[in-house]
Amino acid sequence: MDIGNMSSMLESFRDGRISLEEALEKLKSFPYEDLDFVKIDHHRMMRQGFPEVVFSQGKTVEQVAEIVSRLSQCNRNVLASRATAEMYEAVKAVVPSAKFHPLAKMIVVQQEELTPDPERVILIMTAGTSDIPVAEEAAITAEVMGNQVKRVFDVGVAGIHRLLSQHQLIEAANVIIVVAGMEGALASVVGGMVAKPVIAVPTSVGYGANFGGLSALLAMLNSCAAGVAVVNIDNGFGAGRLASIINKMR
Amino acid sequence: MDIGNMSSMLESFRDGRISLEEALEKLKSFPYEDLDFVKIDHHRMMRQGFPEVVFSQGKTVEQVAEIVSRLSQCNRNVLASRATAEMYEAVKAVVPSAKFHPLAKMIVVQQEELTPDPERVILIMTAGTSDIPVAEEAAITAEVMGNQVKRVFDVGVAGIHRLLSQHQLIEAANVIIVVAGMEGALASVVGGMVAKPVIAVPTSVGYGANFGGLSALLAMLNSCAAGVAVVNIDNGFGAGRLASIINKMR
Amino acid sequence: MDIGNMSSMLESFRDGRISLEEALEKLKSFPYEDLDFVKIDHHRMMRQGFPEVVFSQGKTVEQVAEIVSRLSQCNRNVLASRATAEMYEAVKAVVPSAKFHPLAKMIVVQQEELTPDPERVILIMTAGTSDIPVAEEAAITAEVMGNQVKRVFDVGVAGIHRLLSQHQLIEAANVIIVVAGMEGALASVVGGMVAKPVIAVPTSVGYGANFGGLSALLAMLNSCAAGVAVVNIDNGFGAGRLASIINKMR
Amino acid sequence: MDIGNMSSMLESFRDGRISLEEALEKLKSFPYEDLDFVKIDHHRMMRQGFPEVVFSQGKTVEQVAEIVSRLSQCNRNVLASRATAEMYEAVKAVVPSAKFHPLAKMIVVQQEELTPDPERVILIMTAGTSDIPVAEEAAITAEVMGNQVKRVFDVGVAGIHRLLSQHQLIEAANVIIVVAGMEGALASVVGGMVAKPVIAVPTSVGYGANFGGLSALLAMLNSCAAGVAVVNIDNGFGAGRLASIINKMR
Amino acid sequence: MDIGNMSSMLESFRDGRISLEEALEKLKSFPYEDLDFVKIDHHRMMRQGFPEVVFSQGKTVEQVAEIVSRLSQCNRNVLASRATAEMYEAVKAVVPSAKFHPLAKMIVVQQEELTPDPERVILIMTAGTSDIPVAEEAAITAEVMGNQVKRVFDVGVAGIHRLLSQHQLIEAANVIIVVAGMEGALASVVGGMVAKPVIAVPTSVGYGANFGGLSALLAMLNSCAAGVAVVNIDNGFGAGRLASIINKMR
Amino acid sequence: MDIGNMSSMLESFRDGRISLEEALEKLKSFPYEDLDFVKIDHHRMMRQGFPEVVFSQGKTVEQVAEIVSRLSQCNRNVLASRATAEMYEAVKAVVPSAKFHPLAKMIVVQQEELTPDPERVILIMTAGTSDIPVAEEAAITAEVMGNQVKRVFDVGVAGIHRLLSQHQLIEAANVIIVVAGMEGALASVVGGMVAKPVIAVPTSVGYGANFGGLSALLAMLNSCAAGVAVVNIDNGFGAGRLASIINKMR
Amino acid sequence: MDIGNMSSMLESFRDGRISLEEALEKLKSFPYEDLDFVKIDHHRMMRQGFPEVVFSQGKTVEQVAEIVSRLSQCNRNVLASRATAEMYEAVKAVVPSAKFHPLAKMIVVQQEELTPDPERVILIMTAGTSDIPVAEEAAITAEVMGNQVKRVFDVGVAGIHRLLSQHQLIEAANVIIVVAGMEGALASVVGGMVAKPVIAVPTSVGYGANFGGLSALLAMLNSCAAGVAVVNIDNGFGAGRLASIINKMR
Amino acid sequence: MDIGNMSSMLESFRDGRISLEEALEKLKSFPYEDLDFVKIDHHRMMRQGFPEVVFSQGKTVEQVAEIVSRLSQCNRNVLASRATAEMYEAVKAVVPSAKFHPLAKMIVVQQEELTPDPERVILIMTAGTSDIPVAEEAAITAEVMGNQVKRVFDVGVAGIHRLLSQHQLIEAANVIIVVAGMEGALASVVGGMVAKPVIAVPTSVGYGANFGGLSALLAMLNSCAAGVAVVNIDNGFGAGRLASIINKMR
């Protein structure tokens, strides 16, 4: 029952075509999701540039192609994460404008161009070069959502001067995403340098007592720098989306 | 060597009292922490209302009293977290204006009043009543930093209608802190309701397979709602501080 | 020694052909499994539609084909879980009536048709689309055992209105199976909506701090909703069978 | 806004005192929890004997006393779990009819007597004597909810004949709760003996590689007997409530 | 320096060809492994039928072939565990008498026949059919070491009557090896039936919360039956060897 | 129904006082635990010196006293493990002959003296002095069961010459119990020195990454020495009982 | 048999008082620990200042007093770690010269003064003030062993400029011990600043996802800075001793 | 801004071309990494023979080839760890002098020959043959850095006499690297034999309760021998580099 149906029902009641009991009965089973405020919320999300997102991992090539195709028909931007080159080929066959970012493993259908505010930069940093794919997932996500993104890669804490030389970029950023595997210490050092929101993404980069990203995850959760919050291991998308939400606050 | 010393040194060099080599040598050992930009950063933090913070756990009563006392002499606000009533008594003896929040276990010395922007609300929600102490730690932290805070407690997902009836408060908030133990599901539900930054605080509330907060922590990290980031188990302070940083962005 | 042998023995004793000592000796080594009450139990299980079940994983194609073939000779229904398409080909060669459910990875030999009670519905819900294979394993299991099954997929808690719009189906169900990976919160929300038995199946769907299904498992075990019980990660079969047992209680 | 308010609003609209727009606006913010169907649900739960439940652990003596007192005013049965003797004293002072079960650590206010169906027995079994407190929590819960409960304690699998001698009780039960620590094997053996719902409660009884109940929990989740579902470690209450829900199905 | 060298040295000293200091010096660096008692120990092990053992996993095909070949030259029995068919082909090319047990993944070179004592039986039991490869590794090991072995497979506790019907074999055994995955309960039940040494081998058979054998391992370590000891997950060889040592005690 | 009742029943049947059907019916419900072979088993255990055992931990002082008192009335030896001095006082009040071993935390009621075979020694070794209480639990257990026990304490592998100097005792032992915390390496070294059954008891002695005995447990399970089997952390009793079972084999 | 006895034996043999067989027999049972080279090793350790060490945790007050007293009689330095004030009182009563370091929980009996080389400094750094007790345990250990120790406390990475301002001390040190809890990042940053041996000591300082020091431990093991090695959580003594060994190498 | 630019700037200031304020401003943003002392540090590292190191795992063949090629242009030694044969082929195409160590999976470009001090030996020991690849990674690393390396492989503690026969090599070594999987006991035994720095490398060699190297890791961290420090699982490179740093101390 949408807002139109509800109007009709109320008018039927006013006009005596349905009884008070019937009106109450209908209202009791009123489906929440059709209330206007929910629709408004959807509109607002669209205006803010949040695209439709498909998590491709665990889906078949055909499923990904079909979902992206269907979502693309609404003139919305569409983002498919954790996609393979093979998935991209299938998508491109049905949505020719789709682009592929192999490092980030992301398919992007950009149907609505968003103009980022150049003054509000999301800075994405990695500790090592192996963390770059996760960082790119975050970067592409933030860019598709209409943010200005800067990348500073391979500035891990074991070469602290490399990191410190970036202090002007760090100072100038609005939101910072730190992507690091192994001991994940970069989040603490950056978090201690500025009073900015720092979103830490532990990665599964490493071996042995890294235990699939556990070492970086625990380190980031235990960061002695306040202002650091953590997303799931290798979750570049989540970090990019949260950074975008924060970056667009006014 | 502070900025005054550096000026003197440069003038000595200009006046020929020290050689180029001597000047270079002195600059090489220039202590970083005295550079002005660091001080400026401190000033900015102070203007933004970030207080000096003392983590009292593991410190003696005397140590806490002395540290709070010393920090209070700079006319700054001081926050001592994880403090006991006994620590508070010792602090009050030397800093009579100190206040104690027993639920949050926090000692507050408020020497500088900050006027929160009533339009920018940090909403703090808990799943259960046992999560309230952690929520209060977050709330006091955010309030001392000059934020408008609203509390909605005991709206866990097992009674979803209680939660949904709060949708207007949720819609109106600027930043949301979700505090939950046990299965930690509240973060996902709230994160799915709005496109706001959601800071999830897992708590150690529960027993058995809760494993000291691990269940809520893993659940929140695996949240299917994008826009959720997680801090350490029971880390109300960290959540409050990060929420404050985000809330004051412009 | 079955019940017939036992009669003969008793008669031999009565007739003096064996002594009291011999009778006692024989009774001491009386094999338990041949006692009638056990057989009766088997009959009752058959009447309730419980099929013979083969766990195919870790068995060779030949072993699965042989076991299914042998079990099928007793006119019983046979269910082979975690089967591959290759296993199915081998089974079909010897049991032509066998059917394959590729999503559920189940081979079904339905030799005895059971008429489900349409008033007693087992509702199977999933949080995401990737959880569907596990849900189908539960669904096929319950259907082969003669239950009315309804499926509601992809109603995860991050879109709570999608879930709430299903409340009439939830209210009408007799037993509910909730299948969810990642943060596994769906079980708690559904468990809080009704006073029905809720069987929660954590899945290994997710990545990173999901740790192979651990996050959903712990969340479900810590559910703040009473009335929720949990089976092993990805154990759709177990959930379907338990739901069937409960659904057939009178 | 309760059902009375909604009637008034609808009448105001019919009588032209409020406009269609105003009526729609009011309905949009209609608080879900006041909808009749929710109340009806509550009524049904009450009729089924589900009491109000208080989880006392982590609450103060005063809080427990006040909550029990307030809940007792509605003529409902009230159950406070994980309560101490001291809490009971405080409760008894304000609710003189309250009873205490020290082994189960439960306070019961039984204001409405329920007549259990003697044909539908919930059988509660423990592996050892140390598991009895958890079993009693389950038993009291089920009894307060109006179920016939039978207890068979200390029948762990290391003395399998003790267990087998109980087969008539096991056969006759409607629902079975198995409470076991250490290796938790009792659930599998009982689950294999009957086609009944078996609710397994791992306990933290044991030491060393028991790891606070982890050994029994994992064993029960991996039970090779279908028909077994598991609740949290030491969660007697949850098992008792789920057993009651199942036992009252028709 | 073997016992012969030591004799020579002592004689040289006695005859004055080397000084006391030289004799002491030589004795200080006397290599322990050449002491006679060690050799005697080796001889005793050989007489008891302990073969030379090669752990093939992680070695190349060539390495396994060379090691087995070299060990076979001493007329000893040789056992290569965790071997592939390919490794066997390479071994057979150089040691034509080598036999392969594909289920147990073992290569056996039996150059010395041992006559087992038929009164002293090592009974090897498995809970399921998937546990058989590990059980066979134990069985082949024990047989090569000259023990009488009996196998009883697929008698898991979920069908307790199947197990109980084996009580005469269990009673008659001298040492019992219990091989079980999943919940590993078989060890406790068997351990409770007899006062015999029970060696429990957890297997990695299972899925989900089995965590690679952890569930069975913890269950067996927490066995409420005294008389049970545990070896590593999937360690059939270790169980077979320990059983053999115990079985040959007099 | 005991063996006497069964005789009566059979005679009634022979004499025609009960029918064949009645006799069969009675036999079907024949309680297994009263079968003679079980009693015989009990007798054999008694002859071998296996005492009645009470695990006191988690029981009240009164419960322990009552159980020990009751068990002592059958002229059997009784062993109460993990007992406190207070429990002992209560036991002694009712069983004056009870003895207490404070280090082992064991109460012993020795009513039947067993003469150990001096040729068959159980050697109990510890790595450190802190492991002695667990070792004593094993030693007292084995002694009460009538075994010759020798103790060699504090011979950890970090001082390998201390250990090697004990090689004659090790060579002479029949069964060896190795008790070690921390890195638990002693089991591997001893297991490599002899072809004897080695029962390894990991202890919770240590701190930090010892994780309550996990380090020693995992080390012992992964022992590269065949012939080593492991019991639960701190389970001296289990080791003592298994060693006794093995030591009495013939 | 010490070196004197061995000489006598050899002379007896040379002089024909014992036969070759007797000499060989005696040599076979020659106790290794009495060989001179072991004693020499002990002498060298003493010369290097390695004291006798007592790990007091888990020992009684009386045991600690007696052990320290006995060790002190050999004119050696004695170190008792993890000691309580009560233990110290008992020690002082029998060894009046004993000193107590309450922060490090160490009792020191310094009977031999060692002159440290002032050019070879062991630098001990902590991330926070709560790490100081562990750092002091390392410092006292190194000092008692005759090393020059410098302490730099509370220089955690969240305030990186504090750390960098210590670069001259870091550059000048010979060996560095880094003590840190929480995210343990200090080890990586320091390890990246210099090519010195860095011994990392994770501490149990922290809460929640610190899991008793696991977060710092894993972070340090995964350090991206080569040159870092790790000791057990809170093992200040081990770090101090290893640093001393390295520092005295020439 | 390098040292040349800084000179220019200072001269400009002296000559009045820039003001004091401008000079101060430039100095504030002075990039730390260009300071001479950092360069000096690099020079020192080069003089000590520390090569440039590439961690190849997770990089593409092309990336490895390019990085090695670029680093080789500076006449430095280059070490690429965890490299495949395919990577080596690509490297050799552009750097013909590159060598490959297949066991250690290392590519070495040795452009500067270093003369090791034959008196200062790094001894590398393994417990088993499967540990050799990790040991070789350590060995090649140490050799490229100009150290004298000795290898003693397959001396695990289960054959303690094999190990003890190496005592002269152990005594003669300057630094010892112990590489062991499974129970990792070798580190404790070696650590107890000498007062030398022992660097323990746990390996992932093993199966079952080895949990990817966890058993050896925990054992080594809990070593009862002081003087042992641990690096990450399978981290031969880290051990080799730390050993080299220690070995070159004077």
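Letters are used for the chains, namely A, B, C, D, E, F, G and H, taken in the order the chains are written, and counting of residues starts over at 1 for each.
Note that in this section a residue touches a chain if its C-beta (ideal position, glycine included) is under 8 Å from a C-beta of that chain, and two chains touch if they have at least 3 such contacts.
As the structure is a prediction and not an experimental result, all values here were calculated from the model.
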Where chain B and chain D overlap in contact partners, by chain label: A, C
Chain pair among B-D, B-H or C-D whose interface repeats that of E-F, sharing over half of the contact pairs by residue number: C-D
Longest centre-to-centre distance from chain A, chain (CA-based): F
More contacts between chains, C-D or A-G: A-G
Interface residue identity across copies chain C, chain F - same or different by half: same
Farthest chain relative to chain E (centres taken as mean CA coordinates): B
Distance from chain H to chain E - Cα centre to Cα centre, in angstrom: 39
Where chain D and chain H are represented by their mean Cα positions, the distance between them in whole Å: 59
Shared interface positions of chain F, touching two or more other chains: 32, 37, 164, 208-211, 214, 217, 221-223, 232-233
Every chain pair meeting the contact rule: A-B, A-C, A-D, A-G, A-H, B-C, B-D, B-G, B-H, C-D, C-E, C-F, D-E, D-F, E-F, E-G, E-H, F-G, F-H, G-H
Interfacial residue positions of chain A with respect to chain D in the complex: 3, 6-7, 10-11, 13-14, 16, 20, 23-24, 27-30, 32, 35-37
Interface residues, chain H side, partner chain E - complex: 129-130, 161-162, 164-165, 168, 205, 207-211
Chain G-touching residues of chain B, taken from the complex the two chains share: 29, 31-33, 38, 55, 57-59, 63, 202, 204, 212-214, 217, 232-235
Chain H contact footprint on chain G (complex, rising order): 32, 37, 41, 44-45, 48, 50, 53, 164, 167, 171, 174, 194-197, 199, 217, 221-223, 226-233, 237-239, 241-242, 245-246, 249-250
Residue numbers on chain G that touch chain A, as the complex places them: 127-128, 156-160, 164, 181-185, 187-189, 191-193, 206, 208-211, 214-216, 218-225
